[in-house]
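Once you scroll down, you'll see the structures, which are given as structure tokens.
You will see subunit A twice below: alongside subunit B first, and alongside subunit C after that.
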Partner chain A sequence: MLRLPPFSYHKPSSVAEATGLMDQYAEEAMYVAGGTDLIPNMKHRLFEPTHLIALKSVTELSGIREENGDLRIGSAETLAEVAGHPEVQKLFPALADAAGHVAGPQLRNAGTIGGNLCLDTRCTYYNQTSFWRGALGYCLKKDGTVCHVTNVGKKCVAAHSADTPPVLMTLGAMVTLAGPDGERRLPIEEFFITDGIYNTRRTPVEIVTEIRIPLGAASRRQAYAKLRQRKSIDFPLLTVAVSADIEGNGTVQSINGVVTALGARPRALSGWDDLAVGGTLDADMIDELAERAHEQCHPLENLIVDADWRRAMVPVYVRRVLEKLRIT
Partner chain B sequence: MIRKPHKDKSDLTLIGTPMRKIEGLDKATGRALFTDDIVLPGMLHGKILRSPHPHARIVAIDVSEAEALEGVHAVITGGDIPIKYGIIPWTADEYPLCIDRVRYIGDAVAAVAAVDEDLAIRALEFIHVEYEELPAFLDPYESLAADGSTPYVHEPKKEGGNGNVTKQVCLEFGEVDDVMAGSDIVVEGEYFFEGSTHAAIEPHCAIGLWDGVGKLTVWSATQVPHYLHRELARVLELDPARIRVIQPLVGGAFGGKSEPFDLEFCVAKLSMLAARPVKILYTREEVFYAHRGRHPFHMNYRMGCTEEGKLTSVNAEIVLDGGAYASFGLVTTYYAGQLLCAPYSMSAYRFDSTRVYTNKPACGPKRGHGSVQPRFAFEVQIDKLAERVDLDPFEFRRRNFIGSNTRTVNQLRITSNGFLECLESVERASRWRRKFRQLPFGRGVGVAGSTYISGTNYPIYPNDMPHSGVQMQVDRSGRVSVFSGASEIGQGCDSMVAYIAAEELGVPLEYVRVLRGDTDFTPVDLGAYSSRVTFMLGNAAIDAATKLREMVQQAVAGEWKIEANEVLLAGGIAMWASDTERQMPIREAFNLAEARFGTLGATGWYNTPKDVHGDYRGGTIGASPAYSFTAHVAEVEVDVETGVVEVEKIWVAHDCGRALNPVLVEGQMEGSAYMGFGEALMEEQIFKSPEQGRAGLHNAPSLLDYRIPTSLDTPEFESLIVESIDPEGPYGAKEAGEGPLHPSIPAIANAIYDAIGVRMDKLPFSPPNMWRAIEEAREVGALGKPAFPGGLPVTPEAAPARSMSSGS
Partner chain C sequence: MPAVTQIVRLTVNGDLREVGVPMHFTLLEALRYGLGLTGSKQGCDKGDCGACTVILDGRPTLSCITPVFEAEGHAIVTVEGLADVEGPHPLQDAFDLHGAAQCGFCTPGILCSAAVLLEKTTSPSRTEIKEALSGNLCRCTGYSKIYDAVASAGQRLQVEAQLGESGR
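On to the complex of A and B.
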């Protein structure tokens, strides 16, 4: 069995206490919520924190409720709770759908939505044991100098592999972060950066405390689809989320789409407005939008599954999710 | 042994009825003990240092720093156990720890024993190995073409030979080329079967205990305690009478635990040095490196038939990618050809099969050893031939049925054969005649058949002793103890002997104890491999139980002054056949017998018939006392945009001779079909290329990225048991554990063709591979529903056959 590196476990009951502990242990510590990403990564010796600060007992981080014109989702809500929550299902069905597609039931009972936002990027050369990575000669993201995907050393292209952020991006969600110096709030698309080594603007001392989705977004038609080889467990090989504001007569007021599991951050599809706004979402328009998505997406061999096929699936999946918008 | 005529179903009380597994509740509730559950006082934990290179010379190893760590009790390297082991006596080519050369990434180099696992892991970092890297052979054809300019994977056995060739077999039966030339139709195809691994849930685990005065005990999650016993004695140079091997319950094996492994020798040697018990448990990654899974097969098949659809000549050329060591490879190389000569007759057959070494984890036996890969090619070839002669593939198969009580073209003896009934069962249950070539584009059905051995007729080391033995003992309380050396690996062999004891001695099942898996008190059984256990252990158990039953019958008959054969034992009582009101509790019957004959015990054994094989070199390999037969129909839906194949349902009909417990037989049928389905659609034991950072590095040694189907991916199965009542099987039983895997894969391939007109001759049929094949077919206009044989469907309500859809 793979063993965990030794660590001390801290169980603060407030955000202030948690950030205080982080201040105290600084670089030796990491936060842990559900642990479904961090614990396997620790077993692979990708992280070896000597202190883990658990967020499970921090009550401020839980709760799903309407507040100041937003649906506020506490970051420590599990993916199972988000997926099964009546309010989420009613207002943001695509989010419930995405949360319900993460991993398998046991992992969704432990993994949190905040953790899903902070999920470490994934790569076939990175998510491996220390023996395997040693035999490889390590990689740019951890302990090495070369990226084996691109065969150059400049940039890590590990894939953002979380299911919920694309949906949150199409809904204009905000992320609240708390650190030793107080709180700040970011639009979720600004939360992610294009760096496979560390792909968010969250500093290691900050905690994602909540996700806020404007209630106004609930009137948008939403859809989500995930490509994977098995119907459970697997991380996405491609995730597509779309949402659109469509008038009663079928005229598209606004539309946006996000794809992920290709590069280091979720990609907001561009060039859709001029094609779609003011028009009708018919088969021809869907084909054009799908083609435009295809042009923008160039997956690399960062996951074990054929990159050409993953690229070819972009227009297919974009078309399929857009067709769901027509029906709903 | 005494052979009795088979009982009719009406004479049997328990056999043939659904029964629980005797250890089922313990497993379901977590009480069952597996090797890793065993903790001995003072036990140390061992870890094995593994090679990071696919091929390298070991220049130097320095273990002094590791030895100096506090809490490290022993460190060993190759020189400490300098004798090669191997399951096949003629091809032992592995050292427990490599001595001068490492041959794959993961090869064992050194081992430590320390007070806990964390320290053992850390101690490995203090062992310094200097390697000189050698060019690695990763492609079997490069191995074949090697000229010795760089070191072979193994030294050639003959000077000037290619050391990369493990085994080459070419056998010909009949005039293959002449008959082929005279055939009306000849179809040739290139096929590739990707390697796959067993993925048993329990990783390999072993504990060694040296008692300090000369006795070694090894607990191991093994399928072959007897062969392990022999190899431990030989390699450690110990008297076998001083070695005890215990096989606790095993959490799945599928062939992946059917030979000795490095860890078993290491725990023994470390324990001898440290004078404390030592446990080693593989990580999942190590299980992938230990492997011994399905060989990748590169196959060329040329097959001919007459216009009427009679198979004429078959020519097969096969290259097996063996990985770094021989394992069972000698047998695999033969099985690749030998096991294809039923259930169809053919007038001429030749196979040329070559196994080569490559610098990758060793391949070996996996459920359906050696014949799953060629069966895929063979049954797809049959489908192609049937189409060429305009015949329904069921009809083609029927026309070539080999029959029962016959010999195959390679001279193997066939006894019972229920293949036609299997075909009929799946044809009817699947409503084949309304579906074949008639479902809408994208949906299809496919059929395939197969055969498999009920145990290999000859043991791995030549000897004339029984293949299986059982000892049975009866107590005054009514309790029956069965001492069984067979290896329970989840398949139900412990339950099987209990059912037989209860059936023959007339006691309730709860009265039977099975004392098992311990070479100190059980007779030899050769192990859980080649689907031999029900057939051989079952016959041994009947033999032992019959001897005891006859004593009990005689004693009761003496008491009642009747004939012994008039005494029936059933349901916990002894009764008179002529007047079943005349009864006594079975306990009293046992007491009468003990009073008359003394302490009650009996041994039983089974040995194979000796005239069932072919009279040529290699003719014993593939010989079996009986063969099972299987037919599958698979129904699939293909998404021609994504390449995703949904297998909706597989109908599995299997001739198991007699289902001793239909629940366990159905479990084996479903489990086999599931495993074949997984290999068909997703499994790939593959390795990184030089362009991918590190040649020979396992692509994904974890159960996250090595994909086996989840319950959500698994199709519906319908199991249809066919009972041909074999003349030599226990109550007529044959195997059920491996045969039903074979047809899954070709049935799915043939169904894909029926659905979209695309032939998948290479595994796996994963979405990317499917997508590429579909796109190629689309480009040349070949995507579409194939034509119905003869031009028109037979059922009037069916849709028109030809609908050359572009598939969008």
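On to the complex of A and C.
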């Protein structure tokens, strides 16, 4: 039995009301949408807000529609809704695929795409009960001073573990944030930072209100794959997303890939343009791209599964997604 | 510190129920300890195992990580609400006939997930059954008999629909 710490539950009906409540309660409050990440974390005493500001009843945060040349996805849309939405499936099949493979069915019915962006980083030494963590003297990310993964240094290396951000990065999506001082918009690759303790640029008073994907990206070939222990429920041990602009004759015009579940932020793979642009995506090129990906990924022992194996699986999964690009 | 208890109004199995609960209760805690509906099970209690699955507005939902006040104003069906006065739900009969429950701890959650599947289609493929139950862990059966039971309950519902009678 895992009890929640006491809190008051607020159900605002607008973004303005929600940010107003956040202004009022400040450090004592946190936003919650689907709760599939925050509630278990609260049960583990990783967060103990005394006020929860629920976003599920805020209608401004729902809706999937084309708007000003973008597909606009409201942040409170559940992962099940995103995965099953005909327009998402048609325009951005890799996103539908990624959203449709997060955790298990019940979690996708509750968890939202905005929440997936704001998912807390994960680590063997962090996602544990207070008792477990206390027995080890706690860790750098919460209540302690030592990182049990690296044993040295003051940098938290907990892993970004969300499925949709890598796909959204390959599609050039934008994220809109609303706070007490108004709205701002930033490219999703700038949304994440390499700090395992708090890995996004969202300030605690801000709400992710929408994700916008340029409709132009729909012409790109897209693919996504992930490694995990079971085919359901589990968080990813490795996630790979790729997209490419390939001409009718097979010439690659542009290509990009993102991997995650290794470090504190999703990693945009570098050095692919030199290898691929102007060439064709044949077996040799796929091997070279996979090798280039392998060289730049160095996971640490931050998740329960062996880091060497996760690293060895990087080229395997990169090859798999690139094969999918070739045939789609 | 928030007040000790608040009244929450829940629509459970078609009945409107009011119950005093601490504001930080989960839906599962309100069902089990507030309303005495102990069919929904407290397994991992952190959203992994699916034993606490209830049907919220027609969707399988993990009650152990749903704050109870989030469930206010929504229709909740628990395993206690699957059967009607005529008799057990076809799924419950099928689980009995196929030996699909061993220790039985995962069964209420699995019945809820499967009931939602059979609302959508009474002739699900094996893959569809597996996907629908992929958020429910069973540590005894190995799942085969569970899948068989769900398929057979679907067949019975089809036959009943063809005969145009409840048959229960």
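Note that the second predicted complex is superposed on the first by the 327 of 328 C-alpha atoms of A that agree within 3 Å, B and C clash if a C-alpha of one lies under 4 Å from a C-alpha of the other, contacts with A are read in each partner's own complex, and residues count from 1 in each chain.
Note that in this section contacts are C-beta pairs under 8 Å (C-beta built on N, C-alpha and C of every residue); 3 or more make two chains touch, one makes a residue touch a chain.
Computed from a predicted structure; not experimentally measured.
Asker: Which partner does A:313 reach: the first (subunit B), the second (subunit C), both, or neither?
Answerer: Touch partner of A:313: subunit B, not subunit C.
Asker: Between subunit B and subunit C, whom does A:233 touch in the aligned arrangement: first, second, both, or neither?
Answerer: both
Asker: Touching A:2 in the superposition: subunit B (first), subunit C (second), both, neither?
Answerer: In the superposition, A:2 touches subunit B and subunit C alike.
Asker: Touch check for A:273: first (subunit B), second (subunit C), both, or neither?
Answerer: In the superposition, A:273 touches no partner, neither subunit B nor subunit C.
Asker: Does the superposition put A:66 against subunit B (first), subunit C (second), both, or neither?
Answerer: Once the two structures are laid over each other on A, A:66 reaches no partner at all.
Asker: Once the structures are superposed on A, label A:305 by its partner contacts, choosing first (subunit B), second (subunit C), both or neither.
Answerer: First partner only, subunit B.
Asker: Quick one: classify A:137 as touching subunit B (first), subunit C (second), both or neither.
Answerer: First partner only, subunit B.
Asker: I'd like to know which partner A:125 touches here: subunit B for first, subunit C for second, both or neither.
Answerer: After superposition on chain A, A:125 lies in contact with subunit B alone.
Asker: Could you look at A:148 and tell me whether it touches subunit B, subunit C, both or neither (first, second, both, neither)?
Answerer: first
Asker: On subunit A, which stretch or stretches are contacted by subunit B in one complex as well as by subunit C in the other?
Answerer: 1-2, 6, 104, 231-233
Asker: Per the contact definition, I'd like the list of subunit B residues that touch subunit A in the complex.
Answerer: 50, 52-53, 105, 117-118, 121, 203, 281, 283-285, 641-643, 682, 688, 691-694, 697-702, 704-705, 707, 709-713, 766-768, 771-772
Asker: For a test of understanding, state which residues of subunit A touch subunit C in their complex under the given definition.
Answerer: For this pair, the touching residues of subunit A are 1-2, 4-9, 11, 32, 35-36, 39-40, 43-44, 50, 52, 54, 56, 80, 103-107, 109-110, 231-233.
Asker: State the interface residues of subunit A toward subunit B in the complex, per the touch definition above.
Answerer: 1-3, 6, 104, 124-125, 127-129, 131-132, 134-137, 139, 146, 148, 151, 227, 229-234, 301, 304-306, 308-309, 312-313, 316
Asker: List the residues on subunit C that touch subunit A in their complex, please.
Answerer: Subunit C residues touching subunit A: 1-2, 22-26, 42, 45-48, 50, 53, 56, 59-62, 65-67, 69-70, 113, 131-132, 134-137.
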